[in-house]
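Shared between the two complexes below is chain A, which pairs with chain B and chain C, respectively.
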Partner chain A sequence: MQDVIPEKAGSGTPVPEPGGPSPLRRAGRALTPLLWLGPSLALIAVVVVWPVIEMVRTSLLKISSSGVTLGGRGAGNYTDLFDEEDLVPVILRTLGWVAGIVIVTMALSLALGQLLNARFPGRRVVRWAVIVPWAASVLMTSLIWKWMLDNYSGLVNRVLLDLHVIDKPVNWLAHPREAMLWMMWVAVFVSLPFASFVILAGLQTIPAEIYEAARVDGAGPLRTYLGITLPLLRPAIMIASIINVINVFNSFPIIWAMTGGGPGHATDTTTTFMYKLAFYDQNVGESAAMAVVNFVLILVMVLLYLRASRWREEVR
Partner chain B sequence: MKRHLIGAIAAGLTVALGVSGCGKGSSSDDGGSDGKSITFVAAIYDDNTKPYWDGLIKDFEAKNSGYKVRLEMVDWTQMDAKVKTYVQTKQVPDVLNYNAFSDFARDGLIYKASDVVSPAVLSDFTPTFVEQAKYNGEQYGLPFISSARLLFYNKDLFKKAGITNPPATWDEVKSDAEKIKKAGSIGYGLPLGPEESQAEFFSWAMNNGGGWVDASGKWVINQPANVDTLTFLKGLNKAGLTQPNPESTDRKTVFNQFAQGKIGMAIGGPFTKAGFIDPVNKSLNFGVAPLPSKSGSEHNTLGVMDVLAAFKKNDGKNKEAVKKFLDYFYQRENTSKFLTKEGFLPVTKSAGDALSADPYMKQFVDALPTSKFAPTSNPAWTAVAGAVKQDLGGSVADKDPKKVLDGIQKTAEKSG
Partner chain C sequence: MTAPSSRGGASRGGARRTRTVVLTGVGWLVALAFLLPYLQMLVTALKPERELTKSPGTYLPDHWTWSNFVDVWSAAPVWTYLRVSLVVAAAATAVTLACAMPAAYYTARNRFRGRGAFLLLVLITQMFAPTALVIGIYREMVALNLTDTLLALILVNAAFNLPFCTWILHGYFSSIPKELEEAAFLDGAGRVGALTRVTLPISLPGVVTAVVYTFISAWNEYIVALTVTASPDRRPLTVAIPSFVTQYQAHWQFLFATSLIAIVPVVILFVFIERYLIGGLTAGSVK
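Showing the complex of A and B:
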C-alpha cells in the first residue's frame, strides 16, 4: 500500500510537495481506489455513458435524410414525435407486451425451475433441452415460428385443420391481435430458459434444513411453498424479472422478423417504431428522440418495480 | 443502501444498452489518400453479383497499374442503414451503388456526372434515364440498371377458367379474376405489404391517370385518380378475388404462389422469372402482357432505375481514380455482361441490343419507352416511399383509401 500512494499522488501533483502529509497527499490517498476502479469505470464510460450522451445529442440535431448533420433543432424532434398519432398506441402496446410476457414467463419459469430442481431420471437431458431456445438465435427462432404460422404452408394451420379446430387456414400474422399473441408466445419461449435457470439457482440456495424444520412443524406442501420457497426466491425472481423486462422492452428481432410491426403500425412496439422512424421516414433525429423516450420509460419502469418490490429491504 | 440501488440501475442500464446496441455494422475505412485507391460499395442483387465485380476489378487493376479498388458488398436489406452510417460517420465510399441519389446531391456530397465519366459515356445513357438522374436540372446520378413491370398470367389457369386473352382493362381484370376464382384459384396476387407497395400501387395508379406528382412536380398523392385506384384494389380484395390480407403480403409470397399455379395474375419484372418462378417451378406455363389500364387505351409501365453515385472525398483527390473506374465499367461489354447475368434492363444505348435477343427480356425492353418513374429526383421521395410502405396497405383492408392517401400527402408536404 505505502509505495503505491506516493506514486499515485506524484502523478496527480504537478508541483512537487516536499515534507509531511500535505492536503494534496491526502487527496492522492483518497484517489487511490480509482487505480483499481479505473478500468471498469473507463469501460462503463465508453460503453454506457458515451452512447447515452450521443443518443441525447442526436435527438437534438437536425439530420438530413442522407445522414448529414444540418445543425441543432432544439426540441423539434420531440414535438414531431409527440405529434405522431401512432405514438400513444405504440407505447401502450409496448407496456402490454412487456407486462404480458414477463408475467407469463415468470409464472412458467417458477414451475419449470421447480421441475428442474426435482430429482428424476434424465434431469440432465431436460436441463439441456430447456437451454436450447436460449442458445438458438432469437432471429432464427422467430423466423421458424413465422414459417410455422404461414398462411399457405404453415405447420400450425395444418395441425389445427387436421384437428378440425379451424375449417380454413388462418393468416395468423396478418391480424394484429393474433399476431401480437403469437409473438408474445415466442418472446416467452425465448425468455424462459434464462428465467428458469435463475429460479433454479435461487432454489438451490435455500438450505434443506428450513424445509426440514417446516416438515417437523407439520407444514403441507402448499404452505411450505408459500411460506418458505417463494419468499426466499424473491431476490432471484427480482433479478430475473428486471432483466427480462429490459430484454423484452428492447426486443427487436421477434417483431421485426415476424410482422415487421405491420400491418401499418398495428404490431409495432417502441423499438420497431424507432427503427421505422429512422429508415422508413428517414428521420434519424426523431428516431433518436424516440430512443430517449424509450430509455426513460425503461428507467422509470425499473425504478417503479424496485420500489414496489422493496428492493432496499432485500439487500440488507 | 442508496449505493446498491445505483449499482442495480447501472447494471440494468448496461444490460439495456448491451441488448439495444447491436446491429451497427462495421464501417469502412477509406483506402488511403493517395488518390489511387478507391472504395466501391456494391449492392448484392443475387449470387452472381460478387463474382462479377471481383472479376471486373481484377481486370481493371491489371489494366491500370497502381490503381486499387476495394470492394464491399452490401445486401439490399442492410443498404439503407449502412449508407446512413457511412454518411453520418463521414466514411463514405468513393463509389456507391444505390437506388437514390438526390439527397446526396442536395447536401453537396456527390460529384456531378460530368465530373466522373467521360463525355462518350455521358452521351451513351438513354435520355429517359438521364432525366431521372437529375437534381435541379443537373445530372448527378449515373444510371446503372433499369427494370420495368408487366402483368404475368398463368396460361393454364386462364384456359381452365375459359379466358382467351390477358386482360387489357380493369373491368376485364375483375371479371377474369372472378372466373379464375370460380375455377378454384386466386384471381389476382396483390402484394401491398411493406416491402414494395409503392411500386405495386403506382403500377395501377399510372394506368388510371394517377401518380405521385403533377406536371409541376408538386405532390398530388391524394388526387381523385389515386383514391379511385385504391378503391378498385380494395374492391378486388373485399370480393375475395385476391389472396388473403394484401396489406401484409410481400412479392415473394405472391410469386411463390404464382409459381405453384395457385394465382392467376400478378405484376412482375424481368427478374421475376429467374428470381421467383424458376426456382419453384421451371415448367410453369405463363405469359407476360402490358399492365392493364382503366380505359384499356394506353398502357404505361413502371420504370425503376438504380444508380451509381460518386462521393467527393479528400478535396477531390479521388476524382481521377473514380473516373477511370467508372469509364471502365461503362464499356459496352462490361455493362451488358452485368445486365445479362442479373436479368436487368439497359440504361445505355450500346448495351440495349444485347438483351433483345432473349424473347422474354425483349418484352420488357420494348415496354421501356412507356415507362413512368417514381419521383426519385426529389430528395423527399425516400421518406414518401417509406410512408407509403408503412401505411398504404391498410387502405385495401379496413382503412379508408382517401384518409390513408391524405396522411401520406401530409407526410410528403412536410418532407419538402
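Showing the complex of A and C:
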C-alpha cells in the first residue's frame, strides 16, 4: 500500500498556480486540504494502515500462545507456514473456490441482468426479491442454508427424497466435496444480486438506437447480443468480476457458519485457515504470515481493478 | 431480443405477447428462488421445537407457533443484541458521514496537490474488507486495550464504509454546478446557508444512500465483531445468534425468528436506495 501511493501521487492533478503567491499563502493553501480531509485520513490511518503495519510486524515476531511477544523471529513464521502440509491443498481449494464461484456468478448474472432490464409486469417486485440476499446478513443466509441441508430435518433432503433422487438422507456438510459445492452455491447466491445489478446498470447505458440500427440491418437476436450487447458490457463485466473475486476471496461467514472449515482443514480456504491458525492453534505469528500472503494477493487484484476501471478518468 | 422484422403485424403482436408471458413466468420463478431461503426461515421460525427434530423434515408447521416470536425475547437477551447492533451501526454511520462529507465536498470542489492520491487511497481502502486485515485489527485493538469495546466495532465499521460514502457523495457534489452555490451566496445566504439550502438538498439521495448503506453493512458485519468482542452484552446480533444452536441446544426456531427480526427492516431500507447504489460501489466506473 505504502508503495503505491507516492508513485501515483506524482501523476496527480496539476495545481493551478496563478502568479507567484507568497510562501505563507502557499503553505496555507497546502494545509487547507488537510483540514477537510483530516478526519478521513485519520480514520484510514488508524483502522486500515495501522493494522497492515501491525500484521507485517506480527508476522516477523515470535509470540507465545498467550499473546506475549518473545522477540523477533525473522522469516520463521513464513517457513513454518510453508511447511504446513495443509497449506497447498488449502491454496488450491481457495483458487477453485474463487474461480468456480465467480465464473458461475458472472454467467448467471448476465442472464439475470437481462431479465431485470426486460419489460414485464411485476419487474419491480422481482428486482426487490433479487436484492434480499444482498441486504440480508451473509451469516444468517448461510445459517438457513445450513439448516436446509440438515441431515435429519433439512428441506433439501426432504425434497430429494420425495423426488426419489436419493433413497436415504445425505449428510451433505459432512462430506468435504459435497460441502464445498453447496457452500460455493451459497456464495453464488449471495454474490448474484450485486453482479446482476452492475450488469443491469451496464445494460441501461447502451442506447436504444444501436439496437434499432442492428434490427434495420437484419441482425438476429444472437448476433445482436454477441456483436453489440456483450462488447458494450465489457467494462461492467470486468468491474463486477474483479469486485466479486475480491469479495469471494475474503468470504468468511459462509464457510465459518456451515462447516467451520472442517472436517480438519478439508473445507478451509486461506481466510478460514488464517483465522484458525490465530484463534484455534493460538499461533498468531504464523497466522499473520498467512494474512500477509492473503494481503499481497488481494493487492494484486486491486491493481487489476484499478487498471480495469481506469479510475483516473472518472475522477473529475 | 427484438422481433424479426419480416413477420406480419398480427403475428408480431402475438410473439410479443408470448414473450411477455414467458418473461413474467421466468421473472416470478427467479423471485421465488431468491426468496425461498428466507421463506424457509419464516416457516422454521413458526415450528414448535419438537417438530424440528422430525426426520425427514416437514414442509409446513403442523402447529403454527406464532408464540415463538414472543418467546424468543425471553429465551435469550435478544433486546441486548439488538441494542448493541443498533448502537454500533448508528454510531459508525455518524462517524463515517462526519469524515466523508467534508472530504467528498472538498475533493469535488477543488483541485489540489494530493487529490488524486487521496481518492486512490480511498479506493484501495474500499477493496480491502476487514477480513483481510482482521489479524492486524485484532493485534491493534489488543495494543490499544480496545478489545471487547463497542468503540472498536464503531471505528472499524466507520473506516471500511468511508470509501463508499466518499465516492457517492463526491459524485453528487461534483454534479452540482458551483454557480448555483455562488448565486445563493450572493443572494445573502452565506457560505453555510448556501451549503445547507442548495448543496445538501440536491445531494440528499446521495446522503440517504450513504447513511442506509453504511448502517446496513455495519449491522451485518461479522468477523471483526466475532474476533474483538467477548462479553455477551457487547455482542451484536450476528455474533450472538449462532449460540441458539450449540452442542447442548438446538433452538433453530429462535435463531431464525431473531434472524428475521434483523433482516426484514434492512431489506426494506435497502429497496429504497437500490438505484443509487451501483455508482458508489463501483467508484462510478459503471453508472
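Just so we're on the same page, the second predicted complex is superposed on the first by the 249 of 316 C-alpha atoms of A that agree within 3 Å, B and C clash if a C-alpha of one lies under 4 Å from a C-alpha of the other, contacts with A are read in each partner's own complex, and residues count from 1 in each chain.
Heads up, the rule we're going with is that a contact is a pair of C-beta atoms (placed from the backbone, for glycine too) under 8 Å apart; a residue touches a chain by one contact, two chains touch by 3 or more.
Here the structure is a predicted model, which means the values were calculated and not measured.
Chemist: Who wins on chain A residues touched, chain B or chain C?
Modeler: Of chain B and chain C, more residues of chain A lie in contact with C.
Chemist: On the A-aligned overlay, A:Y152 touches which partner chain: chain B = first, chain C = second, or both, or neither?
Modeler: In the superposed model, A:Y152 contacts both chain B and chain C.
Chemist: For A:N247, select first, second, both or neither according to whether it touches chain B, chain C, the two together, or no partner.
Modeler: Both: A:N247 reaches chain B and chain C.
Chemist: Touch test for A:L112: chain B only (first), chain C only (second), both, or neither?
Modeler: In the superposed model, A:L112 contacts chain C only, not chain B.
Chemist: Thinking of the overlay built on chain A, is A:G218 touched by chain B (first), by chain C (second), by both, or by neither?
Modeler: second
Chemist: So, does A:N171 touch the first partner chain B, the second partner chain C, both, or neither?
Modeler: Only chain B; A:N171 stays clear of chain C.
Chemist: Have a look at where A:F279 lands relative to chain B and chain C in the superposition and call it first, second, both or neither.
Modeler: Touch partners of A:F279: chain B and chain C.
Chemist: Based on the superposed arrangement, let me know which partner A:S65 touches: chain B (first), chain C (second), both, or neither?
Modeler: Once the two structures are laid over each other on A, A:S65 reaches chain B alone.
Chemist: Quick one: classify A:V302 as touching chain B (first), chain C (second), both or neither.
Modeler: In the superposition, A:V302 contacts both chain B and chain C.
Chemist: With the two complexes superposed on chain A, say which partner A:V47 touches: chain B (first), chain C (second), both, or neither.
Modeler: Both chain B and chain C are touched by A:V47.
Chemist: Could you tell me which stretches of chain A are touched by chain B in one complex and by chain C in the other?
Modeler: Of chain A, residues 44, 47-48, 51-52, 67, 152, 243, 246-247, 250, 252, 271, 278-279, 284, 295, 298, 302, 306, 311-312, 315-316 contact chain B in one complex and chain C in the other.
Chemist: Note which residues of chain A are touching chain B in the complex, please.
Modeler: 44, 47-48, 51-52, 63-69, 151-152, 171, 173-175, 242-243, 246-247, 249-250, 252, 259-260, 262-265, 271, 276, 278-284, 295, 298-299, 302-303, 306, 311-312, 315-316
Chemist: So in the complex, which bits of chain A are touching chain C?
Modeler: 1, 4-6, 8-9, 11-16, 29-30, 32-33, 36-37, 39-44, 46-48, 50-55, 58, 67, 112, 115, 118-123, 125-141, 143-145, 147-148, 150, 152-155, 157-158, 161, 169, 189, 192-194, 197-198, 201-202, 205, 211, 215-216, 218, 220-221, 224-225, 229, 235-236, 239-240, 243, 246-247, 250-253, 257, 271, 274-275, 278-279, 284, 287-288, 291, 294-295, 298, 301-302, 305-306, 308-312, 314-316
Chemist: State the interface residues of chain B toward chain A in the complex, per the touch definition above.
Modeler: Those residues of chain B that touch chain A are 1, 4-5, 8-10, 12-21, 23, 80-81, 83-88, 103-104, 106-107, 109, 193-194, 244-245, 247-249, 253, 256-257, 379-380, 382-383, 386-387, 389-391, 393-394, 397, 399, 411, 415.
Chemist: Can you list the chain C residues touching chain A in their complex?
Modeler: Per the touch definition, chain C meets chain A at residues 1-2, 4-5, 20, 23-24, 26-28, 30-32, 34-35, 37-38, 40-41, 44, 52-59, 95, 98-100, 102-103, 105-107, 110-125, 127-129, 131-140, 142-143, 155-156, 158-160, 162, 166, 174, 216, 219-220, 222-223, 227, 237-238, 241-242, 252, 255-256, 259, 262-263, 266-267, 269-271, 274, 277-279, 281-287.
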